[in-house]
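Labels A, B, C and D are assigned to the chains in the order they are written; within every chain, residues are numbered from 1.
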Amino acid sequence: MPKVPGLFKGLGVTLNTLKRTVIDGANTVQYPHEKEAPPTRARGVIALHEGNCTSCMLCVRSCPDWCIYIEGHKEMAPPRRAGGKPRQVNKLDRFDIDYALCMYCGICVDVCPFDALFWSPEYEYSEPKIADLLHDKAKLSEWMETVPEAPALEVGAEKKGKK
Amino acid sequence: MIALLAADLPYWAQTLLRILGGLVAVLLPAGTIVYLFLFKMMSFMQSRLGPMEAGPYGSMQLFAEVGKWLQKEDITPARADRVIFKIAPLVVLASTFLLVAVVPFGPDAWFTNFEAGVFYLLAVSSVSVLGILMAGWSSANKYSLLGGLRAAGQLIAYELPMVLAVIGVIIQAGTMNLQGIVVAQNGGEIFGWNGLGNPYILTQFTGFIIFMIAVQAELTQTPFDMPIAESELVSGYMTEYSGFRFLTFFIAEFATAGVFSLIASVLFLGGWGVPFAWFDWKSIDDVSDWMNVVGPLIMFTKMMVLAFVIMWVRFSYPRFREDQLQRFAWKVLIPISLVNIMITAILKVAF
Amino acid sequence: MTSTESLIDRRQLAYIASQAADARLNVELETDGMTLNIGPQHPATHGTLRIIAHLDGEQVVWAEPSCGYMHRGYEKLTEVRTYPQVTSLVNRIDWLGSFANEVPFILAAEKLMGIEAPPRAQWIRTILFELSRIANVSLFLGDLGVQLGAITPVFMAFRDREHVLNLIEATTGGRFHPNFDRIGGLKDDLPAGFIDETRAVMKTLRNFCTEIEDLLFGNEIFQSRTRGIGVIPKDIAMQYGLSGANARASGIDWDLRRDQSLPMAWDKVDWKVWTHPDGDSFARCWIRLQEVRESTRIVDQLLDNIPAGPIMAKVPRIIKVPEGEAWVSTENPLGEMGYYVVSKGDLGPFRTKIRSASFNNISIVPWILKGVYVPDIITILASLYFILGDIDR
Amino acid sequence: MSSTDTPIAEIPGDTLRERIVDDLRTHIGADLVDSLVKPGDDVWVRVSTDAWRRTGVALREMGFEYFCFLSAIDWMPSPFGKGEDDPTAPPVERDDTVKQGYAGGETRLQVLARLVHPTLHVGVNIKCDVSDSEPVVESWVSVFAGANWHEREAHEMFGIGFAGHPDLRNMYLPGEFEGHPLRKDFPLLARLVKPWPGIVDVEPMPGGSNDEEGDAE
């Protein structure tokens, strides 16, 4: 078979793509009209489950960017069981994440020993002002609604409870 | 535009009509090429949709772009040669209008119709080089200068193969009048069979290929876009232009693509005409008047086919290097076209 | 090799001749050179590299790259960070194949600690490593087209690279910066469906390679632009420490995946190290094309037999690395990427020397750009393939 | 044999790497001050400052033709720590003893380079002391052309001079920049201008901050 010159092969490739796009549609997504669902593990935004946070400062200290700020105070809470002693709990006053600094490494979520921080795949939270990227406790708690279940694992994976 | 209509009108009205006709003949192909090929076909070849927001399927995108460019600040570099810098885009665009002036669109639909049409055509097509050189030199930018000089070298190198390729057509048609060439093709016959007329693409196929390559180079489209060369010279001679001056360059680029496709269709594809044998026309005088309406449409279709090829190549190929281009022009194209002329001449004498 | 030598000879002769001719002309016409400043903002530098080129006409008399516009001081920053924090930092060095940046650092830390990741983790590491190589090099193949004036390949590269990024994101959570590698293993296991999806994507990628080959590599214009341009002979490549595809294109048969034993899974599968004798730009590009193909083969074979088991070795929760020094380098998409980690038994490294591939690869530029034409600057830079983050760190 | 008396030397020997050290010793003699062979892993040698360039030549002749990198190490502990101090608290006392790593050393600054044998695939890490008063070593540019940029980088980052280098301009920093960023006494301002958010103490970390018993599970 005689060799087709590369010049014509190249033309063929573009023509084929043209044909494919016309018949099968484009590979792109028309973003504001249709949205792709990010995978469940996607690191979009960090959500805070406020009730679980004991303000232990572990996330603050392990953040490479120093972008988490926690303030809290100690408080006496009513006893768990009737007749028990009142407990001392840490009350969270402030929990801010500065998304202008955050580099989405996920270390804070990993180190949290009390399951208070979660990744949510939500990504549409850009702001016209950079100061608005500082999400406070209330806003971080709102993201909790968007946190998905952890995905099933591939065959051969060792069953492991979420710590 | 239409000579028939214009015949009994006062001079100013004729002029107005011609100007309007010229604008339509330049801008309509340019707009169509930009939307259909640059926006849509390129996107489709790259598995995407292209502009979709402005108008249905982005059809109004071009107007949006024009609006955007018109709003932009017209920046002149501090050390630029101001007058030349400002004139340059207009010179380039003027070349396009000069080109379209001699293209016949129908038996009576033409702006001017004179005997040395082809000669004039090839002469004014190099006016754009002047504009590009002016733009490159006056911008006071090294990239622009390199781009301008490359453009000058390249356009001059490709003028010659283009001329030589057209000579074959002229020899065959026996006239330099573009209208005459159209008639010669449609009224011609191939070995006594006149069902298709005699479009010169069949007899002058080498010439056609050389002409199209030269057009590609003349238009500075890939693979001959070294004067623009975004990845090397950052748009070359257009680097410093903004706002409506850039728009002028942009329009000129695609309008010239359209006009050259028109010219190629006139020279090689039979122009506006249909084979005369279909309607038993013997000469141009027999051609019905409705051809003045259908003719431009036929021309437009042929132009789109040729522009498609130009753009298709543009979107598929990488770019040559300047010295390779020169070598290609002088060592390949010119000898081939000379041989082509020789063979045509011999055959012309023989038959 | 003889063809390479003759090419260099010819190039040098042409250069000397042109210099002599120009010297004569300069005396007669008093032309002087022009200094062309390519960058820091220039499409061909895809980043902020600046090249100061002294031109004579369109020929380069000398050229000098000037980098540092993107220096982020990672070597200093690692000194104030703990080991887990460093991985999130170093995967920003070569941002197109970021998972591959984490691996050598983690391996160096593991070497110092004397632990080894379990087999399943090694397997998945290797798969992700190769996926990031594909993500990186496939973009190179597209970008190559843009540098040489063909606009379509880059969109094809983005189109098919997207699938690879989706896989990486589904596994690690990050498209660009996975931060998935941990000392002793991996952060998480693969999500369900990964294997089947990856197989399909590898098929797409092989099609992409064929398309690029037809569209670009087979194109006569492309070949005339790249063949014989920017020839790097073997010994020069050695001296400058060129690595990866750049070295292999100069005939150096060296691939760190094959030539050193690391706790990774490359030695468990069958693949080929491609070399090319020419050392020119075409060879460099061609090698990379073949490497994408080999990577898809590696991934395919690895997917067949991922061992079951844990993905984390037993490591203390707060990681302190014992005192010592370790050097680990891997064959990253851009070339040899190595970390010289000095530990003093602390939570973080005492000093990290990051040996990035592009720094060495691009240091050859002043030598190689002598006497070429302006368009060849672009060809050579594109074929050397650097990433700014990888030069400046 | 020539290894320093570190416990690692007890691991069964690595004849190839030990032979390399021996070979180098025959080339440069007593200028090979110290060496360390980690079997199956790597080789470290320390040479005297004067023999720096000679070592490069010798190793190249021995077949170590591949230039991997050249850099330096500042062995002084950082006086600033990790920048996590409380600015209101009294300054923290820090250990500032200079302690060198493998293959020993006497000075605070050391030049470090690595050469690789392209067919044996064995590398050698070469170190050499650089005196504090006159931090200059001979340049390797004439031996390995690729050392050019690495020496420029080491020059601006550590302030080490390379005698015979054609062009020791700054690569990254502006020309008039003062100080050598990778020296430990150069402050990392990003960590000093802002107090560490982790200073605020609400409760000690669970299990205490020195909890090392827990597993990853």
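Here is the rule we go by: a residue touches a chain if its C-beta (ideal position, glycine included) is under 8 Å from a C-beta of that chain, and two chains touch if they have at least 3 such contacts.
Just so you know, these numbers come straight off a predicted model, no measurement behind them.
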What's the chain with its C-alpha centre farthest out from chain C?
-> B
Could you tell me which pair, C-D or A-D, is linked by more C-beta pairs in contact?
-> C-D
By C-alpha centroids, what is the most central chain here?
-> C
Cα centre of chain A to Cα centre of chain D, whole Å, reads 38
Intercentroid distance (Cα basis), chain D paired with chain C, Å | 25
Interchain centroid distance [CA atoms averaged], chain B/chain D, Å | 65
Between chain A and chain B, centroid-to-centroid distance (C-alpha), Å | 54
Scan chain A for residues touching two or more other chains and write them down.
-> 7, 10, 13-14, 17, 27, 160
Can you list the chain D residues in contact with two or more other chains?
-> none
Mind pulling the residue numbers of chain C that touch at least two other chains?
-> 81, 152, 156, 159, 215-216, 219, 221-222
Could you run through all the chain pairs that touch each other?
-> A-B, A-C, A-D, B-C, C-D
State the interface residues of chain C toward chain A in the complex, per the touch definition above.
-> 81-82, 84-85, 87-89, 120, 152, 156, 159, 162, 166, 169-174, 177, 179, 187-195, 211, 214-223, 306-311
The residues of chain D that touch chain C in their complex are 41-42, 44, 65-69, 71, 73-74, 77-78, 82-83, 99, 101-102, 112, 114, 118, 121, 123, 125, 144-146, 148-150, 157, 170-173, 181-182, 184, 186, 188, 191, 210-216
So in the complex, which bits of chain A are touching chain B?
-> 7, 10-11, 13-15, 17-18, 20-22, 26-28, 30
Chain C touches which residues of chain B in the complex?
-> 42, 45-48, 142-143, 146, 222-223, 225-226, 229-234, 315-324
Of all residues in chain C, which touch chain B in the complex?
-> 34, 36-37, 42-44, 58, 145-152, 155-156, 159, 215-216, 219, 221-222, 224-225, 373-378
